[in-house]
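In the two complexes below, subunit A is the common chain; its partner is subunit B in one and subunit C in the other.
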Partner chain A sequence: MEEQLKIDFEKLLEKSNFSKKNIEIKRKNFNNFIEKGFPNKREENWKFSDLNQIISKNIKNLSFYNDLSKPNKIDQSTFIAGLEHNKLIFVNGRIEKIEFDYEEKNNIEILDDLVLKKPNNANNSLLFLNNAFVSKFFKLIVKKNYSFKKPLVIYNITNKDLVSKSINLKFDILLEENSSLKLIEFSNDKSTTNFININYNFDVQKNSILKNYKIDNNSNSNIKYYFNNISQDTNSVSEIFLLSSGSEFIKNEINCNLNGKYASAFVNGVFLLNGSKHHEIKTNINHLVENTKSYQLIKGVLEDESKAVYQGKIFVDSKAQKTDGYQLSKAILLNDNTEFNAKPELEIYADDVKCSHGSASGSLNEDSIFYLMSRGLNYKEAKKLLINGFLLDVVEKITDSEIKNLIKNIMSLKQ
Partner chain B sequence: MREKQIDKLKDYKYGFTTDIENVRAPKGLNKEVIEFISKAKKEPKWMLDWRMKAFERLKNLKEPNWQKPKYPKIDYQDIYYYSAPKSASEKPKTIDELDPKLLETYKKLGIPLQEQQRLNGIAVDAVFDSVSVATTFKDKLNEVGVIFCSISEAIQKHPELVKKYIGSVIPLTDHYFATLNSAVFTDGSFVYIPPGVRCPMELSTYFRINASQTGQFERTLIIADKGSYVSYLEGCTAPMRDENQLHAANVELVALDDAEIKYSTVQNWYPGDEDGKGGIYNFVTKRGLCKGTNSKISWTQVETGSAITWKYPSCILQGDNSIGEFYSIAITNNHQKADTGTKMIHLGKNTKSKIISKGISAGFSDMTYRGLVDISSKAKNSTNYTQCDSLLMGNKCGAHTVPYIKNKNPESNIAHEATTSKISEEQLHYCQQRGLNPEEAVGLIVNGFCKEVLQQLPMEFAVEAQKLVGISLEGSVG
Partner chain C sequence: MLKIKNLKADIDSKSILNNFNLEIKPGEVHAIMGPNGSGKSTLSNILSGKKGYKVSGEVLFENKNLFELETEERAHKGIFLAFQYPLEIPGVNTNIFLKTSLNAIRKANGEKELDAIEFLKLVKLKAKNLKFDEEKLNRQLNVGFSGGEKKKNEILQMSILNPKLSILDETDSGLDIDALKTVADGVNSLRKKDNSFLIITHYQRLLDYIKPDYVHVLMNGKIIKSGGPELALELENKGYENFN
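== the complex of A and B ==
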């Protein structure tokens, strides 16, 4: 693979016209990645999901150079129906359309061709890979006191032309004071066996609100890694919802730094897996100052031979008195070969805090099924009703009613 | 200078050294030293071969480094691996023949042997610097066929049992410290309970590290045959010294069909002084195997001492319907560090495990609960319940929880809960209002916090443990 990486990297530098500064940074990142390679289970962070093994098992002849010169067709049918929204459309990793029809143009700004920054997490080789191979990196700025009128949907569409490629995308999103943004990331994949590596950087300033919904619902054989870095200032709120269901493998990593007083972070997630799918959610919530709050709720329903992993960590600095941290993960295992692994971790250095976590996994409660069957439902219906109720608990946490309904529809939770 | 020493003595009740001549093996870790130990113990060849195999294996192993408390590199060549009181080379037959100085040491420790013999009905196998010097109540145990002796004696007298079970729970190829112990272990206890016997008394050992620069490497092996029951107590103390001492013991428990083993530890090794200088590194491997159906192993531990405590008493639930339990109180003060917890590995059907862990950290200390619950795909209908609570005193200390939960079986249930909090002002105020001083109030609240675990201890130990909890937290309020 190393051979291929070197060839593709040189090709990328040759075909694109990066600034001198960026080339220098890219080279550094590239060398770092070559040195570390794809993470494997010897790294604590990847203990339950050996990415190196997963990639070599699922992807044959992975290549890293992606020709972005020709435009791709946009399949209109993949758009979310019944929801007015702004669009950012990527097809096979190429930006095809930017459309902010509903917003005031002078209150938003989109930059590309920026100077790369050093990854802030020196142990994460996938960030090195992303920095080395990302071709254009975007920054969206929401200006002071501006609230998005309609949600922004980032479409990540891949079509049949894309096979065994590595796609790297990078976004920076800045919410200036008193602003707000609803962001939906929607993937639709018809491609086979690619490695998709997306890196988000959110900067949520004073009194701002970020709502981020990540939807991965249609079945595909791609391997994905999302890294989300969020830093929050005073009195800001972030709400994240993950629907982790479609791809063969996804790891959603969320690193959230609560840097300002009264900042709060909410992470809710649902695993809905079948076949041989293997998904992971990893969170790192860092309470760094006083009076911050975090809440995490993750639920999973696993079928066939699927496997779900939740690694959640709450870190409380010695300065962060009056922290309120909560974390709960639950899973229902429906078949003999399913597996749920959890590592709910607390690391606490302050004494006046309220932190707790819980984790439970097991089968559906037979008594409840019996109860429903005695009321005239058949076994299948009873099971479905219980599972829907179990998952609805998480979906109901979504604060935006329009998007909540959309997600209920997608998960077919509506009666 | 002298005054300073006396002050120090006040702080650590067990911080005295006994002036007894020691027989030591040369410093360092090599073939000759292992041969020396084996020869001194008059061991048969198979035992020496076993030690050598471990020593060979050790060369390829690295010290683990994933733990939270970091420590300076240990120079394994700078340790005496064997040290025995000289007078023990001719072993006394009765307690009255014991070196009076030794007896005095035990008295200071609070276990006067004669007294205990009469009053408590506890058989004590006291380990004093690696060699077991006194074993009481032998006759009474002999009557029912219980074998309770030092492991060296067992190697000579019951080689078939030792050969069969040693290394069966903690294999030679385990991690670095376990393998090190297999190569150089000096003494420890051996217990065998024959089928259907309920051991008539609580068995107990008292470990103590006396000579400086020695590591203590005991090996304990307890076998409960079909339908038997035994409760075993272990207490640990060590004198005060400036340098850090290594304690790397191995404890193996085997429970056959319908057998039950209850293993309780009160660990009060020297924790180092207030600035974190000196103290014991307590790197112990404890593992129990529920080999038979319906077997049960229960670990209870009160960890108040040691500069660094790093241990995970574990249960392998192999037999169907077997039960594993773990009750723990860990207290760290000043610069102490602890990384402790348990592993429950469910292999058999209908297996059950329960984990109750209470961690208290004060001063500049750092405490980590690290645990594994692993339910394999064959362990149908098994359940686990875990509760780990931490209490923090002051904002210079840390409390961490790192549970690993793996479930591969849809018919099994796992529940895990953890909380972290501090002693509330209201509770303190309430107690003080009723005439307790702040320290007594904290002691009372902490004892309440720990009650679930303290209840699991045998009577005599529970009282001592309760006192220890109070002593360990002295000076942490205010």
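== the complex of A and C ==
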């Protein structure tokens, strides 16, 4: 693989118009990645999901150079119906459309010619890989006092033209003071066995609200890694919802720094897995100042031989008195061969805090099934109703009612 | 309607019911009384199709072999069990559950499914008759309901589904006297020439309000004596221990 990496990296530099500065940074990052390689289970963070092994098992001849010179067709049928929204459309890793039809243009700004930054986590080789291979690095600025009128959907579409290639995308999103954004990331994959590596950096300034919904629902054989870094200033709110379902492998990593007083972070997620799918959610919520709050609720329904992992960490700095931190994960295992790993971690250095965590997993309650069947529902209907009920309370946490209904529809949840 | 011949039931190779015989005709109300551990709940579980028992003998419901029917098919044919301990099912809205249940049964019987408006009209009426707080129907099934409300909810389901054979498994336990009366009224209002009841209870108290046609005494897995309503009083006076 190293040989391929080197060839593809030189090809990328040759074919692209990167600035001198960026080429320099890219070379450094490339070397860092070569040194470390894909993460494996010897690293604590990756002990439940050995990415190195997963890639070599699932992807034959992974290559890293992606020819982005020719435009791709956009399959309009992949668009979310019944929801007015702005669009950023990526097909096979290439930006195909930027459409902010509903917004005041002077209140938003998009930059794509930026100097790359050093990854803020020197242990994460995938951030180096991303820096080395990302082609355009986008930055969206939501100006002070501006609230997006309609959601922004970032479409990550792949099609059959793309096989066993790596896609690296990078976004910086800045919400200036008193602004708000509803961002939906919507994946639709028709490609096979790609490695998709996406980095988000959110800067949520004073009094701003970020709502981020990540929807991965179409069954596909891709391997994905998302790294989301969120910095929150005073009185800001971030709300994340993950529907983790479609891809063969996903690891969603969320690092959230609550830097300002009264900042709050909500991370809710659902694993809906079957076949041999293996998904992970890893969170680091860092309470760094007084009076911040975090809430995490993750639920999974696992079938066949699928596997889900939730590693949730709450860190409370010694300065962060009056922290309120909560996390709970629950899974229904529909089959003996499924696996749910939960690793809650609390690291607390302040004494006046309220933190709790919990985790539970088990099979569907047979008595409940019997109760429902005694009322005329067949096994399948009873099971569906119980699962529906199990998942509903996570989805109910979504504060935007339009998007909540959209996600309920996508998940075929009732009521 | 229901014919049980020589029913034997074991669980984990422990004999619970043995040589159990019972016949219930359309329109009849039968009460089965017995002490703890006599096999009362096993009987209701077996009739409604709960798995985990090793059974032999014959149980016919309207001349169909009950053992060949799945739990939901028994419900479709008109068997209803009011649970001794109704389950709390988080996340499942009571109204939606009731509608799903009613329509599953109607569909299986080739009847038209009720739409939301027709259903709400029906459920409102039934809830009112049972003095059941309508607002509770928008909550999660039995979650946060008091013991009495759970039992009333069973009777509400029964009155909506209008089964041919209703089995009431210790429905009176945990009810205060007012709730007991309301529940009894609900049952009595369903008494028709085609609807039968099997009432399982420890005490004759419930039978003051629901007059049975027959009373059976169940001990050690079989009926040791059958008679009219007076048998319940006799039992109450003597106690189970001295009854034999």
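Heads up, the rule we're going with is that the second predicted complex is superposed on the first by the 414 of 415 C-alpha atoms of A that agree within 3 Å, B and C clash if a C-alpha of one lies under 4 Å from a C-alpha of the other, contacts with A are read in each partner's own complex, and residues count from 1 in each chain.
Everything below uses one rule, namely that a contact is a pair of C-beta atoms (placed from the backbone, for glycine too) under 8 Å apart; a residue touches a chain by one contact, two chains touch by 3 or more.
Quick caveat, the model's predicted, so the values are computed rather than measured.
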Subunit B versus subunit C as contact partner of A:N337, first or second or both or neither: first
Which superposed partner A:Q321 touches (first subunit B, second subunit C, both, neither): first
Contact breadth on subunit A, by residue count: subunit C or subunit B: B
First (subunit B), second (subunit C), both or neither touched by A:Y102: neither
First (subunit B), second (subunit C), both or neither touched by A:E44: first
Which superposed partner A:C355 touches (first subunit B, second subunit C, both, neither): first
Common interface positions of subunit A, toward subunit B and toward subunit C: none
In the complex with subunit A, residue positions of subunit B that touch it: 66, 377, 390, 392-422
Subunit A to subunit B touching residues, read off their complex: 44, 318, 321, 331, 333-363
Subunit A-touching residues of subunit C, taken from the complex the two chains share: 48-51, 70-72, 74-76, 80-81, 83, 86-87, 89-93, 96-97, 100-102, 104-105, 108, 140, 157, 161
Complex contacts: residues of subunit A adjacent to subunit C: 365-368, 370-379, 381, 385-386, 388-393, 414-415
